[in-house]
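The chains carry the letters A, B, C, D and E, assigned in the order they are written, with residues numbered from 1 in each.
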Amino acid sequence: MAEADSMNAAAPAALSDAQAGQTVLRLNDIELGFGGVKAINKVSFEVRKGEILAIIGPNGAGKSSMLNVINGFYKPQKGSIEFRGETRRAMDPNHAAKHGIARTFQNIALFKGMSTLDNLMTGRLLKMKRNIFWQALYWGPAQKEELEHREAVEKIIDFLEIQAIRRTPVGKLPYGLQKRVELGRALAMEPDILLLDEPMAGMNVEEKEDMCRFVLEVNQEFGTTIVLIEHDMGVVMDISDRVVVLDYGVKIADGTPDQVRANQRVIDAYLGVSH
Amino acid sequence: MFFSWPFFFEVLIGGLLAGVMYSLVALGFVLIFKASGVFNFAQGGMVLFAALTLVGLIELGVPAALAILLAMAAMVVLAYVVEKAVLRPLVNQPPIILFMATIGITFFIDGFGQTLWGSDVHTLDLGIPNTPLFFGDILVNSFDLVAAAVAGILVTVLAIFFQKTRIGRALRAVADDHQAAMSVGIPLRVIWVIVWSVAGLVALVAGIMWGSKLGVQFSLALIALKALPVLILGGFTSIPGAIIGGLMIGAGEKLAEVFIGPFLAGAIEDWFAYMLAMVVLLFRPQGLFGEKIIERV
Amino acid sequence: QNEQFMPLLVYRTGPYAPSGIPLANGFVDYFELLNARDGGINGVKITWEECETNYNNDRGVECYERLKKQGPTGATAFNPYATGITYALIERATADKIPVFSMGYGRADATIGSVFPYVFTAPATYWAGADAIVQHIQKQEKGSLKGKKIALVYHDSAYGKEPIATLEALAKQEGYQLNLFPVAHPGLEQKATWLQIGRQLRPDWVIMWGWGVMNSTAIKEASAVGFPMNKFVGIWWSGSEADVRPAGAAAKGYMSASFTGVGAGAKVHSDIRDMVFAKGKGMGKDTFGEALYNRGIVNAAIMIEAVRTAQGKFGNKPLTGEQVQWGFENLNLTQEVIDKLGLTGLMSPIKLSCNDHEGGGSIVIQQWDGKQWNFISDFIKPRREMLTKMYEASAMQYAKEKGITPRDCSKM
Amino acid sequence: MIYREAGQFKTSYAADQAIFPIRLDRIGIAVCLAIAYLAVPAVANDYWLLSILVPFLVFSLAAIGLNILTGYAGQLSLGTGGFMACGAFAAYKLATSFPDLHIIIVFLLSGGVAAAVGVLFGLPSLRIKGFYLAVATLAAQFFLIWMFNKFGWFNNYSPSGVISAPPMHLYGDVYLTGPQSAPVNKYLFLLTFVALMALLAKNLTRCKIGRSWMAIRDMDIAAEIIGIKPLVAKLSAFAVSSFFIGVAGAMWAFVYTGSVEALAFDINRSFQVLFMIIIGGLGSILGSFLGAGFIVLLPIFLNNVPGLIGWHIPVDMIAHLEFMIFGALIIFFLIVEPHGLARLWTLAKEKLRLWPFPY
Amino acid sequence: MKPAASTDAANALLVVNNIEVIYDHVILVLKGVSLHVPAGGIVALLGANGAGKSTTLKAISNLLRSERGEVTKGSVNFEGQRIDGKTPDELVQQGVIQVMEGRHCFEHLTVEENLLTGAYTRKDGRQAIADDLELIYTYFPRLRERRTSQAGYTSGGEQQMCAIGRAMMSRPKIILLDEPSMGLAPQLVEQIFEIVKLLNEKEGVSFLLAEQNTNVALRYANYGYILENGRVVMDGEADALRNNEDVKEFYLGLSATGRKSYRDVKQYRRRKRWLG
């Protein structure tokens, strides 16, 4: 603890020179390898408060791994992460969740046996306080708490327009809806930073439009910072404030959509035909 | 009681050889798990069924060699029936469901075997010698040596079958994902019949060895419980693991029983085997030689 | 309905079926014989129903509950044929007033009839068995066991632990050293045990309290470490054909205690052959004359004689369990009666009373010659003065725990 | 009457969260309870009460316990017998050491002991998963049975190792154990107790903790990432499950058989309870009851029916047939509905809701 | 694009005739879907989430059974023969193979072993298989780099390539591709469709592809079906579809003024549905 406090002292300096919004998360020289494969090689970038940051790059570039590093599922071999004024070697998933980092997954990671409603309710677990005995009785404060959270979740259900599937076990939902439920679960955590791993894969234009609408709305209404991986350049260019480009573990560009679009290295490595 | 090195080695060797007998049973589990991702609880029942069929035939007057062939045929038929009646309708179900189905199979063949051949104990004597041999001061039993040789041959043959044949790869594919295996044209039904037949043959061998030792009776089905720690220690997916796991469990539990047991009032070998396996799992959650459990998001 | 109903708890299937089948056959064939030869018991026809317990306590309890009210007068008496089931039935049966006849198993202290009015242990308990085996060994060792080493290999369960107290008491008295070797259920693997016995301890004698597959495995393993069979004595549940046959030639010379006779030479056997099998009835052709088949016959016969004794008081009609209990307590099977029943050589005389539910039966040692069992000793009388003291101490503790006030047997 | 939720509007989330949101279900459960409390004691004989209903209720409780661990939290366990033994022996020690303790307290405390042991043996689950864990729980099973069997302290040095319940009463002369206990009292006590415990279990599973169990079951990595602590979730599942199972074990020893030895809780008992929850339905409280009913009744049914219709099959044949039918039925049910009887029940209701239209 | 291949159902390679699919005995998902794929054609199956595209493909390749689904009505013909009773492996041998949605690689097998399992049904010798393997590696160089990694540890896109490559290894006559573009980088999407085109032109392989990326799909396909709620609501030549106003608006995201920005679709909007 004492160690963390001493780091706190150093933090304000770092924060003050962030201009276009404060930096809420900074990755410094992250290195991550698996056996022979170097998935991430000395990548640094920062995430600023309230922005939509896109991470793009070819398949296998290390984008998902990057998100895994951010929320602590992978521990980088080298580098450090600055978050909320603390600098850590690696994040701890539970710590991340507690301090407002929520995410969705590339290969949907919903709780398949549970209904949509229950899946969203799991997002609120960290906010529920009653102990096991109250829960067993399901009475008084426990019930009240349950109902409060139910209400919050219902708002998200309305927002995402998934009222009709409230009680359906998510395993049976079509792919696109599962993605939406997953977003809902992340939103239920009321995160400060939302990590989205290819939220629009496998969707048609109309559905992507819906998804974009949700993402933008979350970003604007609640000021949630969003880090997003996406392969649809249309989406990336339209909705993101900043883009980080990875190519086989190294960062090759970092800037506004327009800068990135024009970057020759990015075109060669990723875009192919220009968009 | 005093400690002496020759006795220690005697127990060690006895334990290793006893472990080989467990491996014979564990091998059947490994085969089916490796090749279809099914934890086949019925392996013990299959051992009983194979041995009962063999003894039953011999008692009917069929010459031993022919009886063995017929028992093999019976195991293939069993594999066919299992595929048709159980596995086919349950394709693509989660492992626990398939596990449960094999428990159903266990009950069925336990009952069926006894209906056919009765519940009485039968003697199976294929002339495997059971005499104490002495190497210097150390006693080794000839039966155990034969068992070890049989197990060694079996493992070699199976390892080659899995490594060197095209089917081996297909089997592993099936274990990973039934539906995907079907989608690339791997004939699930044929594969399953093959695997279960091979496991049936392994069960027959185990049944012969254990049956010669214990007599053929219902209790044979219970040796599955001795094979389980071997299985987890070696890893569900490794054929050599079954042997090495067997050796370790055998030696470990015998040494524990002899040298630790007296301080704990004895009869500790059963749980000791499981504890040993569990401790290994704490360090390697997939067993010593099992395929790594893939965890990704 | 002039019928006396006999409930039969059997296990004809599962791991203990090799023992359960001949036992059950003995019962059934004896009942068939009585109905065919004598028209039942003094004209009261015997009916029976089997219930499969699988040697399983809860199944046993279920069978008990199912059968206890059947027949015109309810169940005559129960033979649980499992120590665990016996324990589970003692209280129920006492409340229901139905005798539980645990012949050679169950609670040894249930011999004390004042505490256990409805439980009968004739003709011998495990404690008596342990004593008889030690007596036999003592005789072989020319009278003295001083400084001898005896190992007890036992099934690590309620059953297997029964003799320990007796053997320990005797060890003190006779001066031998007792070593205990529990074998975990079911006993498929005993290599460690036998290496310890045969290669490390090298005792003078081994006594075994085994059950099921444990027995034959023990014999096999004993021979694998070269332990001599003629120093190896089992209790009566380790002394049936099913226990030695799987071990093959290795079992030759192995001994066991018994309280029932061997072979198929008694009159009752020829009667069964002529009057039951000849009519296409009966179940025991395959197990005819086996140790446990004979034990089934003896068990059935004692039950029937208890009914017959009770009929003497209550009349020749179907009797209730309570009446049969009286019959048991007043049962006196003298050698003449035994001869008359055609059971000569199959059992020793017993005489029960209100307080003595064991009846003073004798025990014999038999040896396997590779083909059959042969008696190698006379009938041995267990030293009951010592045993009775132990029974009483244990029974009183039970009574205290359960809040039972013992009956006063002197007034009976 | 038509089985439908349309027309029954819910005006609050509380109503929507109710266990039985559909009115007909509520009526159904009320009728069930009425039958259980009024009709059954009136008509059932001792055989039914003692040999069928009592074990059914005890098993139901154990099945609920295992279902919490395996069905809800996804931790496959074969140690049920061991934990039941914990409950049974703890109850025995408590009841004999403190004869004045009320029987309900004894049961609850012995559940607590079992829970503590459960947590201890649950620790490996943090590393070990799936079938590996199942086999590892066998370590608990074998170790516990060995321990109770081995050390005289647990059975007050009874020479045979068998424990038997001292006579204990609920109040006045309503005895639950011992010779004065009436079957009807045992039944009614168990019915009430088990029904309440089932309600608690249901509440737990639809609350925060239940959701974190299910999350761990369905995808432990994702669960961890949304902030569920696997340690807490898994160990609490082990604790709660073992509590239920321990109480069931205590009831088994005290109320059902009256006396037990450790081997009565051997590995077969573990399997038996596992069958119940799989046949009944993993992750369903109702399923635990259905499964227990199925497994308790089936052998009794098979044993009695041939006799009733005047068929005389030898008992060994019946036993073998029982094995075969039992095996075949397990497979049959899995094929018809892998998620157990409870799911069949829901599907039936689903169809009823759509009736008369097929889809 | 290309002149339409024969639209005459009788001569088509694959004919799906009015099939109805039910899951779990209660959930009716396909309510009479008919379509055909001419020999040498590329046919796109478009539609929203849950419209039943995957179900249709699985009904053809007979993988439905393993999901407790059932074709309760209608028929499927391939090369004039009914195939709805055949097992998936028989179908693969006849030349019908499906690439399932969501990749489904064999996690514990290496990438190369994954590819080789695709050749399981082939009988034309080791050399031919080795050649094809080489071919796949030239199409997907990334796979060559990762050939010895366990497929479970490769990235999403790599797995997708692996799954497509695996199907190609069986030398099929028709590939049922379920969402090939999902999770692939734009460059790779183009590449994969180029490969589709190449295989189609060079090797005469026909394709039925379920795709969300309508834009690309309609560029490469020559015929398209639009599925909604388990019914075909519209079909036609790819060009015709691309110029259809509704398709433009709902599937291509084009309005009269050209491509809308995703930023501008914030306002709430009722989606228009064809009701069949």
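Keep this in mind: a residue touches a chain if its C-beta (ideal position, glycine included) is under 8 Å from a C-beta of that chain, and two chains touch if they have at least 3 such contacts.
The model shown is predicted, which means the values in this text are computed figures rather than measured ones.
Between chain A and chain D, the least number of touch steps comes to 1. Chain centres here are means of the Cα atoms, and by that rule the chain farthest away from chain D is E.
Set side by side, the interfaces B-E and A-E show unequal numbers of C-beta pairs in contact, with more at A-E.
In this assembly, the C-alpha centroid of chain C lies 36 Å from the C-alpha centroid of chain D. The distance from the centre of chain A to the centre of chain B, with each centre set as the mean of the Cα atoms, comes to 47 Å. Residue positions of chain E touching 2 or more other chains, listed in rising order: 27, 153.
The residues of chain C that reach two or more other chains are 12-14, 17, 21, 156, 182, 184, listed in rising order. Residues of chain D in contact with at least two other chains: 146, 150, 221-222, 225, 316, 319-320, 323.
On chain C, the positions that touch chain D within their shared complex are 10, 12-14, 17, 21, 49-52, 54, 56-59, 61-62, 65-66, 69, 83-84, 87-88, 90-92, 94-95, 107, 156-159, 161-162, 164-165, 182, 184-185, 283, 394, 401-403. Touching chain E in their complex are the following residues of chain D: 347, 350-351, 354, 359.
For chain A in complex with chain E, the touching residues are 34, 37, 56-61, 64, 106-107, 172-177, 198, 201-210, 212-213, 216-217, 231-235, 238-239, 270-273, 275. Chain D contributes residues 46-47, 50-52, 55, 96, 146, 149-150, 159-162, 164, 166-167, 178-179, 256-261, 263-264, 266, 268, 299-300, 303-304, 307, 314-316, 318-320, 323 to its touches with chain C in the complex. Interface residues of chain E, counted against chain D in their complex, comprise 22, 24-28.
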